[in-house]
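In the two complexes that follow, chain A is the common piece, with chain B as its partner first and chain C second.
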Partner chain A sequence: MKKTLFTLAIAAWLAGAVLAATGAEIIRKVDENLIYKSARMEAKMIIHIWSEVRTKTMRTYQKGRESSFSVFLSPPRDQGVKYLKLKDNMWIYLPDVDKTIKIAGHMLRQSMMGSDLSYEDALESGDLLDKYTATLVSEEVVKQRPCFVVDLTARVKEITYYRRLVWVDKELFVPVREELFAMSGKKLKVMTLGNVQKYGSRYYPLYMSMRNLLRQNTLTELIITKAEFDLSLPAEMFTQSSLTK
Partner chain B sequence: MLIKLAFRNIFRNFSRTFLTFLSIALGLMFLIIIDSMLTGIDQESFDRIINYETGHIKIFDRGYREDEENFPLDKAIADPAPIIKKVGEDPDVAGVTSRINFRIMLSDGIDQYPAVGIAVNPADDQSVFLLRQAVAKGEFLRSGEAAMLVGEGLADDFGVDVGDYLTVLTRTKYDTYQAIDLRIKGILKTEDPKIDWSAVVIPLGVGQDSLDMGRGVTEIDIKLKEPARIEEFRARLAREVPGMEIATWKDLAADVVAIAKAKRGGTSFVLFSVFVIALIGISNTILLAAFERTREIGMMAALGMRRGQIIRLFVLEGAMIGILGSITGCLLGVLVNIPFVQYGFDWGFVMRDVGDIGYRVTGVSRGVWNIKMIAIAFVSGIVISSLTSIYPARVASKMEPTEALRKA
Partner chain C sequence: MFKIALRNIFRNKRRSVLTGLSIAVAVMIAVYLWSLISGIMDDLFDNMIRLNYGHVRILNTDYVKRERLLPLEANIKDYQAVARLADADRNVTLTVGRIKFGVLLEYKGKNKPVFGTGIVPENESPISHLDQKIVEGRMIEMGKEEMNLGASLARELGLKLGDTLTVVTQTAYGSITAMNLKIVGIFSYGVQSMDKTTFFIPLDRAQKLLDLENSATEIFIFIKDKNKGPEVAKEIRAKLDLAYPGKYMAKAWQEQELLYFYMVIARNVYAGLYFLVLFLASFTILNTMFMSVLERTKEIGMMKALGMKNRQVMGIVMLEALLIGTIASFIGAIWGSGIAYYLATRGLDFTATFETMGTINFPISSVYHALFSWGIVFFGFCMGILFSVAAAVPPALRAAKMEPTESLKEI
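Right after this comes the complex of A and B.
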């Protein structure tokens, strides 16, 4: 009897280890799709607040995970607003007052352009596996696509979301849904991704929506209308001086 | 003789005297009432700051106050117990407690509003603060229970009541999102807008766990037996707890103290306005009286009244109007001030629209009896009236008796 129990315990431990390894492997494969050397994208941000719908268009240039430069093209009120992200720092340029402001401290927690995304969400960079322990917890079908469900639980203290639950398309290794949790376990935000397109050997979702569960009737959608990957971008684009140009 | 003459003269042109008298009386009345209300607001603001927000003196970890606006939980006092014990043993200390202040978003699942979280120790908070007495509905917190008290204004904004649940969204010491659902156990009505409009109070233990603070607190709050000796105590405390930052309630409420100082300038302006009104009114009355009574002045001079006596006569007339005006003004001021002191004045309609201007007043504020100001008003009324009579008196006294008689 004891021997059987011992064998079962070993088997369970091994299964856990396999699942954990698989979880990390899945996230690594996701990263292969989502991480690029550089990209140029045009996107539409649609912010729904109750019955009001605000649409903003923007162009974004990205270099790796740590540098990005975005300029808003419309509506006229936001035209020319620019964002520069360099590692953990972010600046905003406001053309109306011709001023560059560094977004720091408490400002990072504020909503970006009135959306459900905070500046902090936009700033997030670095390898998830450096900060989270990934565990494959189950498999589910989402929108007729078989998915892995990977639990990411923080293993460092300094982290924005203590836990994430990611549904990853089993075939394409692209996330289709992500839930973000507070330390207490309360679900805070739900992100859904879709319209996956193939770019060379990479699959990339062109649709993303974010819902803040602590506010009703708000939703932010990001629709990428044009995407080019791994092109060469001038280094001076990712400097503060480019904000005022 | 001169007094009798002056007294008769002031009633000779009753309407003109009355107007001057009225301007002095009304000016002083308003001065007394305005001073009463403004001093009342000051005192209530100071009392509420001390009773709900600061105590008399606070201890922070070094560096906390530099970044106070951001509620830096990483600059907390990691182990407050030895300091609390030491401070509590001081014979000058009436009470000591500890708190965590933290920034939150409060949500009912439909809307979310920014607010301030205060984690208090239910066991000893009342030794420094009056929050327990300010629970208008429901009950005060017990240690460790997952419950909260919300300010009356916040409860109104959400349309919630005792027994309902709200979500407190915040960040831990390590900046990780934290969200806790807490039952509303009580509604606070302190008349302090910082509490009533934007505070959520939770038990310290719940705060420490949720914010990943261990045993840490952001402040230690002290109430003194003799608040007048606060500076002496601060100096001693600085020696007893080296390396910590110590701030009195005046340091912490510097904005309100500055407004109060500026307002003292405003009260002086009212006094100055009364002075100008009296100056114009009395000068006018006495100057006109002098011209009207040219013949009489000529007659008095011809009968041998000296220049000095004529000046004294006119100054006496001014002083008498001043005395009557001051007595009436002070009496009116005191009478009108009685209901302001007794029942107060509801500033609610102004404060809610104006928003946070530093004053800790949301609704009814009571006036105060400022005997010093009433005495100043009384003496000023007489002195100003007497002084402003000098110029017309000099003009009257300079008239040549023959010319004065001829002119008439």
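Right after this comes the complex of A and C.
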């Protein structure tokens, strides 16, 4: 009897270890799909706020996960507003006053361009597996697609979202839904992804929606209208001087 | 009886003078204290009405719940159409839209959280008297990217007329926004919460900066008789409920919880102080009269043996207190009115103290002015007499109750 119990305990422990490894493996495969050496995208940001709908268009250049440069093309109010992200730093250029402002401190938690995304969301860089422990918790069907449900729990204290639940398409290894939680367990944001397109051997979602549950009646949709990957981008694009050009 | 009472007063002049003096000082303190507190409170309420609340204010119902956070998203859309509803009321003399917003002001490496207010400059004069408070330069003008800045704030940040300041804040929709604003005027209200933390910009510029086209965060309403605030607010509320069900609400200055709280505190503190001073002074008259009665035990016994009635004995003691009380209260009222007049015209200047203190969030003036009123002086005079007479009741009763045979035994 004792032997049986011992065997069962070992088996349970091994099963957990296998699931944990699988969780990390799934996240690694997701990153392989989503992170490109470089990218150029044109996107439409549709912000549903109270009873209003505000649409902004933008062009974004990305170098890996750590550098990006975005410029807003419309509406006239936001035209020429530029964002530069370099690792953990972010700057905004406001053409109306011809001024570059570093986004730091309390500003990081604020909404980006009035959307449900915060600057912290945009600043997120580096490997998720460096900060989180990934565990495969279950399998579910979302939008008729069988998915892995991976629980990411933070290993570090100073982190925006202590816990994440990610639903990953089992076949394409692209996230279809993500829920973000605070340390208290409160659900903060819900993200959904869709319109997955194939680029070479990889898959990339061209639609994202984010709902900040701390705001009332808001939803932000990000629709990528044009995407090019692995192209050569000038190094000077990712410098502060490019903001004022 | 009057002669006897008068003779008794002069019998021990020193004691009568000391008693009178304590009453006079008490009445003096009561008069100028009331004048000063009335002046401070009137000034505070006037500032609150002119700068914060108006006689009646229209607000978004969501804004009311989170007013301290200045939630720009809870604004009044097409505010002019909403203001027209109030304008139609016969009691309303003026309606004006405003936008209040928070800003982290940065200048030459110095950061300071301040409050900006978007105003219609030409309508501000009868409300906040901004035109009279400009100490340097001129008032802002609609359509121009200009600001009027508080004098203490300008001093603190080292800003002067003609300088351009970049104001960085968030729009009502949460985007970062900025505007370069030229300082065309510096104002001084003598109110630290204004001079130290506030700037004004034209309403249309505030609307552009904060992405609040045609909107305001509040509509200030001035009415003919400010005492009718709740009545007018009720009428406007009814119209708003009909046109915009549940969306906007009107609040009279009397219905502002904070203002009501201050009113209650002020009334209670003052009443407590006023009566405490007179109560303490009345002890001296109680003591004096008791001494006087005890000293004259034999005399009172004699008078009663000769047929003087209890009522008459009591009357003599009371009359004595009345005479001392009247003369002393008159002198005290004159002294008190002199100090009150001085404080009303010259004031007590606490500017230097306020400058060193942190930001005070209610609009109290740095120079305290008393409110000089003959009504306050007369009331103080009457209260002095009343307390003097009331304090004489126990000794008078004791005198009246004395038995002639027992009293005559006393040497």
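By definition in this document, the second predicted complex is superposed on the first by the 245 of 245 C-alpha atoms of A that agree within 3 Å, B and C clash if a C-alpha of one lies under 4 Å from a C-alpha of the other, contacts with A are read in each partner's own complex, and residues count from 1 in each chain.
Keep this in mind: a residue touches a chain if its C-beta (ideal position, glycine included) is under 8 Å from a C-beta of that chain, and two chains touch if they have at least 3 such contacts.
Keep in mind that what you see is a predicted model, and the values were worked out from it rather than measured.
In the superposed pair of complexes, A:I92 makes contact with chain C only, with no contact to chain B. Contact with chain B, but none with chain C, is seen for A:E158 once the two complexes are overlaid on the shared chain. Residue contacts after overlaying the shared chain place A:L188 against chain B, while chain C stays out of touching range. Using the contact criterion defined above for the overlaid structures, shared-chain residue A:G114 touches chain C, although it does not reach chain B. Of the two partner chains, chain C is the only one that A:I101 touches; chain B does not reach it. On chain A, the positions that touch chain C within their shared complex are 47, 49-50, 54, 77-78, 92, 94, 96-97, 99, 101, 103, 107, 110-115. Those residues of chain C lying in contact with chain A across their complex are 73, 166, 168, 170-171, 173-180, 211.
Considering their complex, residues 69-70, 103, 105, 107, 109-112, 167, 169, 171-172, 174-181, 210, 212 of chain B touch chain A. For chain A in complex with chain B, the touching residues are 105-106, 109, 154, 157-162, 180-184, 186, 188, 213-217.
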